[in-house]
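These notes are about the structure you will find just below.
Chain naming follows the written order as A, B, C and D, and within any one chain the residues start at number 1.
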């Protein structure tokens, strides 16, 4: 069976797969991770703020997002984001949001729920003495968080955050359902056009596997280095 | 908002002739649960075997477990489903491939096995961590009493390890349910898929997705409650696990 | 009964934990092993029932060579009772089930017979009324007595104790030692790693002193406490007896 | 009805330019003017209407028509520059994406029917096609009834899957219907024996077969699930000024004979990516429609 293998189809489509597909995937991953981290940290701080209502709203958001399949959330946001934009800006008609922006918003909102749980655990892992000491020095709540608590929480949680980012990298492949040409979408377009499923899907699997493997190997190295420093 | 709301749509007949649109969604929910349960059984069984292998002193078993977990953890689920659904039948001998492709309910079986194996790697990691968290003396005590390795795992290590990892296993089970939605890409008409069909046939996008969302939330609540009860049921008096 | 001859053990090529250890325990004899922490005494006792592998030398228990690959280790271990520093009761099993598990699974005893035996032994260590409790509901001293009963339920030909009282609060030490003294007086062959010199004085036949993986001293009790020959043993004794 | 429409059309064609400039801009036109951009929805594999060529750029008959519309819009709004954004859509996403403003025109093979007109609008018809199924000759299928108990695929969100589902119920076929994301994926299901038949508009089936690895293996059913139905470029509902411009542009295109030229380019000549020739000369019905453009969803209006 492998005799019919057409490696040439991979070679011919490499520019498209990587310049368009992989660029889309990696940009989406990086920006979503960044946005998800910022938004997730905000949610974590809300949950730990001590304001009951604020904490409850944040908690509900996290539970809500974590109850839904990503595929459903992707559909939701793809169709809903323009209306939200209209509502936010008070425009007379839905705001046109492109495929990339829409996916980006989706992943930021979705991943924030997961990043917030990580950051919450990170903040809670810091001994109570730290904020107490910061307060004793006269730092405000915001300063305590900004200069004392969050940097430590972030450093402690860095390996977990990076692992979650690898999961996110894999999850971005789900924009396939919207026919958006991310890496997998691009591969499947070539696969279907040329009838070369076996080659293209095996190649896509290989690429995702290699990148994730190298990345998680790096995270493990980082983890053991952090373990030594502690 | 320029949109015609119509919440009565759920009680109108669906074009499949299987009752109302609500029935359509409920049939999707049933398929979601069936797929998830079968996938979960596969994940638990293979995940446990692999997880145990990773704790055995044998180098070979350890490396097999390691490779297994890395293989299934480093590829998107969607890609794995494509491998099982589109690629596997093509690289098998023609007759076997054809048989596989013409199986009735091929998407269901592919999704169950695909999601099951994907989740098994996560179960394996959890179980390995659970076993690792037990005091080393437990294994030695079992060995000193003359229990074989199999008996030691069966009667001593696994009952404790599974109790310890019950909370993370709960979220992995919830992930399994959610992950079945990825199988709409291979034509499985589970809850998200049926919500999408409803949207396509009735054009009532937001009603369809709202209903699916509510159903997922309900399933989540039921599973979480069920697992809490299970946790309480298997809790050991006087022994505090984790939290 | 237990023959240890020229045993060497390394963890890595650089770190030798046992150096040419040779000693023996005769039938009905009680031997106390003592020495500073890290001296290899726990390792030595764990080598006796092959919980720890060793690279050189031989250990024979009741005529069976421990380090022979053909030896059925579970069978051998079932005949040698072992008590651990941290008790290592199985937390998910009731006290009675802790005692019955190995009887049924290893010795193949019937359930009723195992229960009768277990109850008899629990009665003997004074814990009959706790049979239906879980380990975490018992105090440390009670748990260690259960652990002794669990080992005895296997009808061992010899008992190994690995610092059985060192994890206990002071007020619980004596209840455990009392059980051990009774056992010694009944003629059980015992090898005991402990710092309890009172116990050694009372029932030991011989005392072995270890330091840095070596058996420095191996003498009858009275000789050991009367006129220890080595500096190291003298220093050790003066330290632990000074209070 | 038809009469009324053609009057409206004539009016639109005559007064579109002067009216729009005199009035305050609203809706899509205002948005296009404000942003200087128009977004076209395109399809992956609706050959030859809207599909990706070798450079993964969307091309096709409907794309050409859309670019003509874009020119008209540009002229209408007196813009020097009009950026054209392209957004991929599937059968399942095109209607929600039109409704939520992501795309302004959908350039593909979308059937214009009364039900969809409740959600979106269509401009003048650019093609007529009936719903049939493709199968491998080796499977020996003949009629719709032969699909009994078989696995049949169609594209999610199309009128075809709906017609198939309805036929399945009405005729008690008990066929197992699988939805696919797009036409190429659906055809692949038949090619790899996952499904015995793919129900779709016959023109799309014909192009998929022609472009396949071994076109001789496939045949298209004589039986149809529907009368020939009209395809239209889709636009947002309740946006009369924009529709006026689009209708005028397409009407002008079709009546001038340029429509026929574009048609011939895609249906009777070699097309990318593989130099395929579909050899499908224009039908009498469509010729008639081009002479008198109409946006009616009723198939009977095109006889």
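Please note the rule applied: a contact is a pair of C-beta atoms (placed from the backbone, for glycine too) under 8 Å apart; a residue touches a chain by one contact, two chains touch by 3 or more.
Source: prediction; values computed, not measured.
When each chain is reduced to the average of its Cα atoms, C sits farthest from chain A. The central chain of the assembly on a C-alpha centroid basis is B.
Comparing chain pairs A-B and B-D by the number of C-beta pairs in contact, the larger count belongs to A-B. In terms of their C-alpha centroids, the spacing between chain A and chain B amounts to 21 Å. Distance between chain centres (mean CA atoms), chain A to chain C: 54 Å. Per-chain Cα centroids separate chain B from chain D by 40 Å.
Separating the centre of chain B from that of chain C, both taken as means of CA atoms, is a distance of 46 Å.
Among the residues of chain A, those touching two or more other chains are numbered 79-80, 83, 86, 93-94, 176-177, 188, 197.
Multi-chain contact residues, meaning those touching two or more other chains, do not occur anywhere in chain C. Residues of chain D in contact with at least two other chains: 96, 99, 181, 188, 192.
All chain pairs that count as touching, in label order, are A-B, A-D, B-C, B-D.
By the touch criterion stated above, chain A contacts chain D in their complex at residues 16, 20, 78-83, 86, 92-99, 102, 176-181, 186, 188-189, 192-193, 195, 197. Residues 1-3, 70-71, 73-80, 82-83, 86-87, 90-93, 174, 177-182, 184-185, 192, 195-196, 205-206, 209, 212-213, 216-217, 220 of chain B are the ones touching chain A in the complex. Residues of chain B touching chain C in their complex: 135, 137-138, 140-148, 151, 155-156, 159-160, 163, 236-240. Those residues of chain B whose C-beta lies close enough to touch chain D in the complex are 2-4, 15-17, 86, 89-90, 98, 101-102, 104, 106-107, 185, 187, 189, 193, 196-197, 199-201, 203, 205.
Within the complex formed with chain B, the residues of chain A that make contact are 1-2, 64, 66-72, 75-76, 79-80, 83, 86, 93-94, 166, 170-171, 173-174, 176-177, 184, 188, 197-198, 201-202, 204-205, 208-209, 212-213, 216.
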